[in-house]
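One chain, chain A, links the two complexes that follow: it is found with chain B in the first and with chain C in the second.
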Partner chain A sequence: MSALSQYIEIFDSHRATIEAKSAEVMNLCRQDARNRLEGKRLPQKGTEGYEKTSIEDMFAPDFGVNINRVNIPVDVSLSFKCDVPNMSTIMAFVVNDSFVPSSTLHNKMPQGVIIDSLAKVATENPQLVSRYYNQLADNDNEAVALNTMLAQDGVMIYVPRGVVMERPIQLVNIFNSAAPLMGVRRLVIVVEEGAKAQLLICDHTQNSEYRYLSSQVIEAFVGQNASLDIYDIEESSDTTSRYSQLYARQERDSQLIVNGVTLTGGVTRNDYHIELVGDNCTSTLGGMAIGSGHQHIDNNSDVRHLSAHCNSNQLFKCVLDEESTGAFEGAIYVAPGAQFTEAYQSNRNLLASKSARMHTKPQLEIYNDDVKCSHGATTGQLDADALFYMRSRGIPEQEARTMLMQAFMVDVIDMVKMEGLRDRLRHLVEKRFYGQQASCADCGVTCRDPKKD
Partner chain B sequence: MNMDNILLDVKNLRAGIEGKEILKGVNLTVRPGEVHAIMGPNGAGKSTLSSVLAGDPSFIVTEGEVNFHGVNLLELAPENRSHEGLFLSFQYPVEIPGVSMVNFMRAALNAKRKYFNQEPLSASEFLKLMRQKREVVELDNKLASRSVNEGFSGGEKKRNEIFQMAVLEPRLSILDETDSGLDIDALRIVAGGVNKLKTSDNATIVITHYQRLLDYIKPDFVHVLYKGRIVRTGGPELALTLEERGYDWIKQEIDNK
Partner chain C sequence: MKNIEDKDKNKKPVTPEKNNDIINDVTSGEYKYGFVTDIDTDIIPQGLNEDVVRLISQKKGEPEWLLEFRLKAYRHWLTLEVPTWAHLDIPEIDFQAISYYAAPKKKEGPKSLDEVDPELLDTFNKLGIPLEEQKVLSGMAVDAVMDSVSVKTTHKEKLAELGIIFCSFSEAVRDYPDLVKRYLGSVVSYRDNFYAALNSAVFSDGSFVYIPKGVRCPMELSTYFRINAAGTGQFERTLIVADDDAYVSYLEGCTAPMRDENQLHAAIVEIIVEDRAEVKYSTVQNWYAGDKDGRGGVYNFVTKRGLCRGDNSKLSWTQVETGSAITWKYPSCVLAGDGAVGEFYSVAVTNNRQQADTGTKMIHTGRNTRSTIVSKGISAGHSQNSYRGLVKVAPNADGCRNYTQCDSLLLGSHCGAHTFPYIDVLNDTAVVEHEATTSKISEDQIFYCNQRGIPTEDAVALIVNGYAKEVMNKLPMEFAVEAQKLLQITLEGSVG
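On to the complex of A and B.
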């Protein structure tokens, strides 16, 4: 039995339950997704676009799906300490794949902004959600179709025309369950013309006794002259795998920053599809991954220049230690007519041990003469001269190595526009390299209310 | 000068890289308060000697002993040689993008304090120390906030070396071609810094091609290193002779033996 068939079976035999506990707008997309999966398999290692990562293996364990929407009692709002110091955020949670508001979420909201359960908004305001839900995601991709077939909830973020959100939005994804579980997470982000928002997403696993899989599809619509930042930090456990697929579309004069940070996890695969459909867009795509143990981290980017005078910049960096492995496959596509495009891509990797492995495959596809494009990929080791220089000043070898690995990540951290988050990231990266539990503000201990434990 | 006290005692040191022997039995004794100059033609092994003493892992020591105030230097990791009081001013200081000078020096200083079971310096003590030591070589505060040596001019890099030396207060400093790439003003500042740091308890080994630096840092002994051995030792006058006559006469003398 293929990994996919167990989920198709869940859908076929529990369709009524799934639909009863979701929203009509989402239900309308299920059959099409189901049909596309007929006779298919999830991509295996070696499939085009999946050379080093088997999605089949990722989904193969017998994960449960919470189709009955059983509430898992996680007292997030009381005890969760995932706050970023010196930064006040509008916070909400996704526990497994259910939306949970923080106690103060609604009274902090600027006029007209929606940050809420996707199923709830889709029920209350189907016209709004149907305009965006499942419009960007590519259901020809088996993992996307699987998500569309099963997704029952998620998060809707809607920032109406001209609204500039001063406070960043923070979404905390949490896994906690009493059995192996797949979280079918779905995010729709709409930033209308002239609006501005920053979103911080953190992935955590509270109870790492069980295996988890996060299947996450994000659709982001960035309107004319709008600005959206997405910072996505994965700090889960080695029992948690993640396949996150972002589909973003930028209208003219818009700006998008996406920065994905993998600190801890099991097997991680991130896809970034960005379409620049209007003129004069700026797109910044950063990625940083730190691997150790048996972690595997695969980042895949596809930036599509469909219009003129756009600028895109990609920087992916990876430090791999011990037995960890990494992959990067990145594409820049410049369509005919997308003249005066500037598109850059850089992938730099550091192997800190003899057994760590990195696979990198940069690609350019250009159908236009008047462009400036470049790509580059390097994989190397720590600079022996720098290491000796530091040791000669008395810095112990392990500390010198750690400092150099941290220094390697500095330019990806500098891509973050929120100062408080930049400081926080430096701290998290430092802790990560010093081998400490790199959870936000020691949340590994304080996630659960200590009084109850 | 204390003649009984030996700070560094190098005996029959042989070392090389990738199977090629470069040092072929070096003997050298340095006492506290002394300044030694090591001169010699290109390829004689001057920089190899300084690298081997500092513990550069790319060189392999095949024979000999190095005693550093009672400690077997060759057994120590580079970081512990530093803690024990050895300092190498690099001919080519390494640029380390992403590591700030402040973090670099704090890590170095606190590692040394830890080695001697001392508490780390508080932030204000540390900054005060940095400020004091910067004055020794007139190092701009702006450089201190940048990444280690990144984008520094040749002169700034060498001043930064002496600044680090001032902070770490070594017992023995080895200045490897500190004069290379310096204009006369930078040279004066760097040499002035070295002289300010000189006490009767510490010692300096100056490795140089030219007499020029020795006008500013006065040596007590001048050694000529040639083909991996110290082939001649004299007083400051030897440097002047070399400046006048070059190395050929010494080469001929040795090669004809």
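On to the complex of A and C.
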């Protein structure tokens, strides 16, 4: 039995329940997704595009799906450990796959901005949601179709025309349940013409006794002359698998920054599909992964230049220690007619232990002559000379290695435009290299510790 | 310019009716090797089954073990499916519509050059291959393979003095069965891939080279391959063995007549490099590429692999790919000996409707092995040119080093250039670098040339040659000149 069939079974036998606890707009897409999955399998290791990561294995354990939308009580304050000090954000939580507004969410928001439960917005304003929901995601991909088939809720972020969000939006994804669970997360982000928004997503697992799987599909629409930054930080547990797929479309003169940071986790696979459909877009895609233990991190990017005068820049860096494995597959596609394209891609990897493994496959696919495109990939270890230099000045080897590794990550961190977050990331990376998870002690926010209560 | 002597008038591609003289010039200069030689050819009926495999083996008077090898390969081939993963648009090939054996008819093997069919000599003269003994001075030993049967090998005696064996594959099977048996299929097994299995089943001839211990081959060894007969495929095998401390430089050239059907060329090249030996393998591939609308042309699906078995051995591939409707090959190095070195230098040019998916594989399994890959792709017209390469470092291969550079040059806005490198590092002491760029010829450079009175077309040729120089420099001199000219011819007419 393939992993997919257990989820199809859930859908077929509990369809009424799933639909009752969701919204009409989302229900309309289910049958089509279900049909596409007929007779299919989830990609396995070795499939083109999935050389080193088996989605089949990821989805194979018997995960529960919370189709009855049972409210699992979660102490969100525990996750304040990822709050960014010196930065005021508009915060919301997603517990497993249900939206939980924070008390201060609504009164802080500029006029017309929506940050709310996707199912709720879809019920209240179906026209708006149907315009965007499931419009970008590629349902020919089995994992996306699975998400579309089962997704009951998610987050809708809507920034109307001309609104510039002063404060960043922070979305905290939390896993916590008393049984193995699959979170079917769905995110729709719309930034209309001339609008501007910054989004910070943090993934956490609170109860790492059980296995979790996050199936996340993000659809981001960046309107004309709009600007959107997405920073996605994963700090979960080794029992958490994550398959996150981002589909973004950029209109004329728009700007997009996507930066994915994987600090801790089990098996992580991130897909970034970015379509540049209007002229003169700028797109920056960054990725940083630090692996240790048996972590597996696979980043996959596909930047599609469909229009002229666009710029894209990709930088992915990876440090792998112990038994961890990493993979990167990145593509730049330049369509016929996308003249004056400038597209760059760079992938740099450090192997810090004997048994760490890295697989990279950068790709260029270019159907046009007036372009400047390049990609580069390196896999190696720390510079022996630099290490020697530091040791000869009295820095212990371990310390020197850590410093060099930190320095290696600096240019990905520098791609972050939020100053507070940048500092915080530097701090997190440093902690990560010393083998610690960030804790409440570092946090500027004083919140109660439930264990002491 | 026209030395085309096409006997098959109705199959000749139609020259587009253009008033423009220049364009006419260019199109007639499309492919100067497109003649057909009218010599008696022994062709077996089309189709492939066990009987055909037996018939080929019988015609060649092969020993039992070789027939067994062929049959094993054939049976394995039957279980395989046509691979489709390449970035190529390959029309379905009907493997039953190909004749798997075509040989120039021989009454008795020619004893000297005088007995060789004069038509045949003409052919090779047209190709500019110094077959005649008087061209001893040109210092090259040539094995000419026509329709996958070796017709003449020169300089044999001189090489024999040094103990070097350079002969056709069938002679090798006859005269040195132990050597052939020992090495055949040891680098490219018949189970390797679809086309390798096909070749192993039906290969008709090829070249065999053995350089004994400590011998430095004093001249370049060269093979010219030519497909002549219509409706046939060419399936030859090359096997090169360089024993300890040996050195050889081997050249390979390929041409074919112009026909509006597609012909299949599925060859295998196996190279074994022992301790401290060095092999340099250069290819100038100029199979017929099809006409401007993509009719006809050769499908060039070749499996080339070298095994650097010895410590500090070295294998260097240099290729200039300008022909073939579809080129699909990855000359590879398996660096098994400690300190082995693999090199790959390639220029692949595609024009009109040509497609190429080519590159290399560097598999590092020995310690301190090094590899360099320099690939230059040039696409023009409506062609698609892809680089696909694998660099793999095995878990126990400490201290490996790889440097890869692949550049693509685009001429015209309807062509495509693609890069698909696969990098697999399973060892933390390896240093692997990959760099790729894609761009077009800058207008500044063209303007600079124009300003100095160089017409745009010449300027492009000049710039392209400069761009490919890094690879051209690696070619033996005789070939470098030819390759440079080829590059010019291939790109003619591609500048709007």
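Basically, the second predicted complex is superposed on the first by the 432 of 453 C-alpha atoms of A that agree within 3 Å, B and C clash if a C-alpha of one lies under 4 Å from a C-alpha of the other, contacts with A are read in each partner's own complex, and residues count from 1 in each chain.
Everything that follows uses one rule, which is that a residue touches a chain if its C-beta (ideal position, glycine included) is under 8 Å from a C-beta of that chain, and two chains touch if they have at least 3 such contacts.
As the structure is a computational prediction, the values presented were derived from the model and not from experiment.
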### Message
With both complexes superposed on chain A, which partner does A:E365 reach: first (chain B), second (chain C), both or neither?
### Response
second
### Query
For chain A, which side has the bigger count of touched residues, chain B or chain C?
C
### Message
Output check: A:G376 vs chain B and chain C. Expected answer is one of first, second, both, neither. What do you get?
### Response
second
### Query
Touching A:L128 in the superposition: chain B (first), chain C (second), both, neither?
neither
### Query
Where does A:A60 make contact in the superposed view: on chain B (first), on chain C (second), on both, or on neither?
neither
### Task
With the two complexes superposed on chain A, say which partner A:A352 touches: chain B (first), chain C (second), both, or neither.
second
#### Entry: Touching partner for A:L105 - first (chain B), second (chain C), both, neither
neither
### Summary
chain A residues where the chain B and chain C footprints coincide none
### Task
Mind listing the chain A positions that touch chain B in their complex?
383-386, 388-397, 399, 403-404, 406-411
### Task
State the interface residues of chain C toward chain A in the complex, per the touch definition above.
85, 87, 395, 408, 410-440
### Message
Please output the residues of chain A touching chain C within their complex, sorted ascending.
### Response
48, 51, 336-337, 339, 349, 351-381
### Task
Using the touch definition up top, name the residues of chain B that touch chain A in the complex.
54-58, 77-79, 81-83, 87-88, 90, 93-99, 103-104, 107-109, 111-112, 115, 147, 164, 168
